[in-house]
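Some structures are shown below for you to check.
Paired with chain B in one complex and with chain C in the other, chain A is shared by the two complexes that follow.
This part shows the complex of A and B:
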C-alpha cells in the first residue's frame, strides 16, 4: 500500500525585509515579501526523500491567505503530488490552538495519513507548537527537532538534537515529525513541474469543506490574545572608549568595580 | 486523545487555583531550567497567595523531589515508573494532562527547552488551554490572577504581551537562561505526593535507541564569558581567548559562523540558536553584533567589545569598547591582568 505523507508548510514574511509600522507597531505586510518558511522546505525535502525510496504520495497542506498559493506551487514544483490550502476569512488571527485544529481537521479530511512532517518552527511565530498540537488532535505520536529521518518498514527512525546531545528514536507509523532548519538541502524546483502545477492550480478548502464551525477557528477560536506590543528598550550602555595603551587602567577599573575578580572565587 | 475539538472556555475560573511548573530531568536529575521554573513559579504563586506545585516524572525521583522542596516547592506531584526514565512525549503528556485535569491549576509553566516545547503544546491541546511560547517575562495580575506572558517577536525588536482570559490553565513556556535560579529556602516544607504510574502499552511504542551525549560546556553557569567571532580570522584565534578566559575564571563563547566554519564546537555558541548567557562580564572579540548574537548576551552585566570597526553594531551594546585589532588588544589585556595579579599577590604578602 502506498504511504501517505503530509507536509505542513507555512508562508511567512521574509525575515530580511521585516518592516514594522511605527504607528501601530504591527508588521507592515504590504511592504514585506512572502516566502516559504525555511524549516518547512527541509520538512518537504525529508518527505520527498521517503517518496524517492518508497513511491509515497506527498500532500502539502497550509492554512493561510490565498497568496500562500505561491508557496504551494513551489512545493509542487519541487516534487509534491498534491497541495491543499485551507483558506477562509474565518481562519484569520488564529493562535496555535485553532491553527493546529484547522490543519488537523484538513489532514483528517484527506483520509489516510502515515507520516506528517512539519518544520521545527515558523520564522514569524517561532513557537514550534503547531506540529505537536496537530499530533495531539490526531492522537498520534511525534518526533520533534529531527536532524535526520529514515523510513524503515513501518517505522520512522530519527535523530533528535537536544540540549545535551543527540537522541535516536524509533516510532511505528503513524507519526508526526518536526524537522530542523538546515538539516538537509532542499531540491530545486523543476520548470516542467512548475508549469504543470501553475496550470493545474491548487485546492482551496474553506471551513465548510473541512467541516469546521466559524467560531472554532481563527481569532474566535483562540484562547490567547495579544494585549500589547512594546518596543524592547535595551539598557543604554556607555560604550566607553579604551585605548590599547591604557588597558592597564581598564583592568584597574574592572577590578575596583568587582567586575573582574582576580582572586579565586 | 484530544480528537478534533475546539477550545472550550473554562466554565468557572475560580475553580482554577495554584501554579504548576514542570520539572524537566535528564537521567532523573533536575536540569537547570527546571530550577528556573521553580523560581519564577514561586514568585507568581506568592503574589496571588497560592501554592507552587511541581510536576516531576521519572524512574526514581524521591531525591530530586527533596531538592525541589529545598528550593521552595509546596507540593510535588510525582509519577514514578521505569517507563518514565527518559522523556517520551506520549506517557509524559498523558500523565501530566491527567494531573492538570484533577488539580485544575490556574497557571502552568514549562521550560522552553526542546523537550519542554515538545510537551507543552500537547498538554495545551489535551486540556483545551491557551499557551504562550518562549516567554522572557512572566507576571501575574493580583486581582484577576491573569498571567501576563511576554515574548519577544519580530526579530526581538518587540515584546508582545499575551493574555489568556477565559481558558484554563494559562500555560507558558519560559526561555532557559532568562529567569534566575532561586535561593534555597530556610526551612523547607513541602508535601511530596509520588504515585506509581501504570502506563498503557499503547503509549510506549516509541523506543529510545540511544542518547549520544555531547561534551558540552555550560556557558550559562559561568560568571565570565570570552567570546570570539569571525574577526579571529582563523581557528587558532580561539587559543588566545582560552588563555584569557583561563586567567580570569571564564569560559570561551563564540558567534555562530565560527561554529559553522568548524573553528569551535556548537556548544560554545551564544545567541538565538545557541545559548543565552548573562555573565558578570562578557567579552566580545571580533564579533560584529548582529541581532541573533545580541539576543544571547545582551543581558550580561558588563560588556566589553574589541573590534577594529568603529561603526560595528556591537558598540551600542557595550559598556567598554576597545577599537583595535584583537591580536593586539587581547595580549595586552592578558599582560595587564597578569601584572595586576602579581601586584595583588605582593600586596597581600606584605
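This part shows the complex of A and C:
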C-alpha cells in the first residue's frame, strides 16, 4: 500500500516587506510579496524525504485566496504529487478554529491519509494552532515541534526539541507532525519541475466540494474577535555629544546623567 | 519535436513583449525569469518613451501601471553652486504623451501577467544557465542538468547577459560597455510632488543632469523622475571612470548629488523606500553583438540597445521594439519551419529598418561626448561664468553679449582649436 502523506502549507506575506497601515492598523498586503511560509517548506521537505525512500504520495493542502496558487505550484515544483487549495469566499476572515476544521475536512475528503505534516507555525500570525487543531478534528495522534522525522514500519520516529534537551518519540500511523523551522534544507525548484507543475496545475475546492456549511467556516465560524491592534511605536533615541578629557570623566559624566548606575543602587 | 516553439529568457520589456507577441499568434512559448516576481530585481525607474507597447497591448496607456506622463522634460548642468538647465514644458506633451515615468517592479509584473493571459507559460524564480546547442544550432536551454527544448531561443536578459556570455554569443562585458546606475526611490505625498514640481495631477517631471562637479572629478550623469507618490533619483557613472578612481564610491556619489543645493530641496522630507544599483548598457553601436544565429536571437539590453544621447536616457523603447521584431522574425521562420541563421537574418533587417538600429547608428560614439571632460567640466563652468556675467549688476556699463560669451569661453580655457573641435564633434554626434 502506498503511503499517503499530506502537507499543510500556507502562503504568507514576505516578512521583510510587511507594512502596517498606520490608519487601519491592518497588515497592508497589497504592497507585499507573497511567499510560502518557511516552516511549511521544511514540512514539505520532511515529507519528500519519506517519499524518496518509500515512494509515498505527497498531497499539499492549503486554505487561502486564489493567489495562493503560486505557493501550491511551488510545492508541486519541489516534488509534491498533488495540490489542493481550499478556496472559497466563505472561508475568508477565519481564525485558527475554522481554518483547522476546513483543512481537516479537506484532508478527510482526499480519502486515506497516513502522515500529515505541518510547519510549527506561520510567520504572519505565529499561533501554532492549526496543525494541532487538525489532529484534534481528525482525532489522530500528533507530534509537535519535530526537528527530525523518520518513517519506519508503520511508525513515525521523531525527535522533538524541548527546553533543556530532546525527546525521541515513536508513534503509529496515522499521525500529524509539526516540523520546526529550519530543521532541514528544502530542495530547489528546477525549471523542469516548475514547467511540469505549471502544466499539472492545482485543484481548487470550495465549501461545497469539501462538504462544509458556510456558517461553520470563515469569519462566521470564528470564535475570536480582534478588538484592537496596537503597533509598537519606535521610541526616539536621544543622541548627545559629551565632551570629556578622560575615560574617568566620561564615567562620572554618565553616572551623573543617570545613564550608568552602580550595581547596588 | 521540441517541447516549446520558442523560449524567451528574461521577462523585462524586451522578453515580455516578445512573449506576448508570440503567444498572441498562438505560438507555444515559455517565458523564464530569474526574479520572482518579475521586475523585483530591476532597478530602472525610468521613463518609458514611445508607444511601442501599442503594437501588442493596444490599450496599454489605460491599463499599464504607469506613474505620470512626462509633461516637463529638463536637462541641466550642475556645478558646485549652480544649476544651469533647460526646461521643456508643453501642452503638446500632454496631448501626445510621449513618455511615462514607470516603476519597473510594477510594470514588469504587469507585462508578465499580460504574457500569461496571452497564453505564454511564465516561470519565475529560475535562473537559466546556458543555451543548449546541438550540431551548431541552439535547440533549447539548460538548467540544473535538464534541457528544455525549443525551436528557437530569444535572449532578453537585460544589461548583464549571463546566458549569452556563458554560451559564447557575447564577449564578457568590458568597462567601456557598461555604467553603473544607483537609484533611490524617495516617498513623498502626491500633492507635495505636484506642488514642488508645478505639476498637474497625473503630469510628471523628468530631468537628466550632467554632474561634472562631483568629488574625485568623476564624470557622472544624474536623473530625477517623478512617480505618482515617489521620486526616482540617482546617478549613472561609467565603469571605466569608476575603475580609474578607486577611491570614489558610487554610493558617495549619489549622496553628493542628492545633497546638491538645487536637488536636496526637491527631495526634502521624503522617506527613502528603495535603494538599489544595477548595470546600465552604455557601449552603443560598438558593443552590439551578433544579433542572431542558428536557433537564437538577442534583443533589448542584452543586445546593447540602450544609451543616453545626453538629453534623454533610453532603453525600454528599444527593448520593446526589438522584442517584437524578434517575435515577428520567429513567426516568419515558423511558417517556413526553418530556424537557421539564414532564416533569422530578417531580424537584423527589421531592426535596421526601424528606429532601433538607426538610432544606434545616428548616435554612435555619443558616449565619447556624454562622458567627456568637455561636457562635464568645461561647458558647465563656462555657462556659470556667462550667466554670472549676464546677471551681475556692478554699476558699470555692461559688455556686449558676444564679448561676454568670448570672455566666458576664454576664462574657462575653451578658446582653443581643441575645444572648437570638441564642440564640432559633439554637435555631429548628437
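Everything below uses one rule, namely that the second predicted complex is superposed on the first by the 231 of 265 C-alpha atoms of A that agree within 3 Å, B and C clash if a C-alpha of one lies under 4 Å from a C-alpha of the other, contacts with A are read in each partner's own complex, and residues count from 1 in each chain.
The definition used in the following text is that a residue touches a chain if its C-beta (ideal position, glycine included) is under 8 Å from a C-beta of that chain, and two chains touch if they have at least 3 such contacts.
Quick caveat, the model's predicted, so the values are computed rather than measured.
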item	value
Which superposed partner A:1 touches (first chain B, second chain C, both, neither)	neither
Dominant contact partner of chain A by residue count, chain C or chain B	B
Which of chain B and chain C A:254 touches, first, second, both or neither	first
First (chain B), second (chain C), both or neither touched by A:161	first
Parts of chain A lying in touch with chain B, wherever the complex brings them together	15, 18, 20, 25, 27, 95-98, 100-101, 104-105, 108, 125-133, 135-137, 139, 141-145, 157, 160-172, 213, 215-217, 221-232, 234, 237-244, 247-248, 250-252, 254-255, 257, 259-265
Of chain C, residues touching chain A in the complex	3, 30, 32, 37, 40, 121, 123, 125-126, 128, 141, 143-144, 146, 148
Chain C-facing residues of chain A, complex	33, 188-192, 194-195, 198-199
Partner chain A, residues of chain B touching it in the complex	1-7, 9, 26, 31, 86, 89-90, 93, 113-115, 117-122, 124-126, 128-134, 148-149, 152-167, 176, 205-214, 216, 223-224, 248-249, 280-281, 298, 301-304, 315-324, 328-329, 332-333, 336-337, 339-341, 344
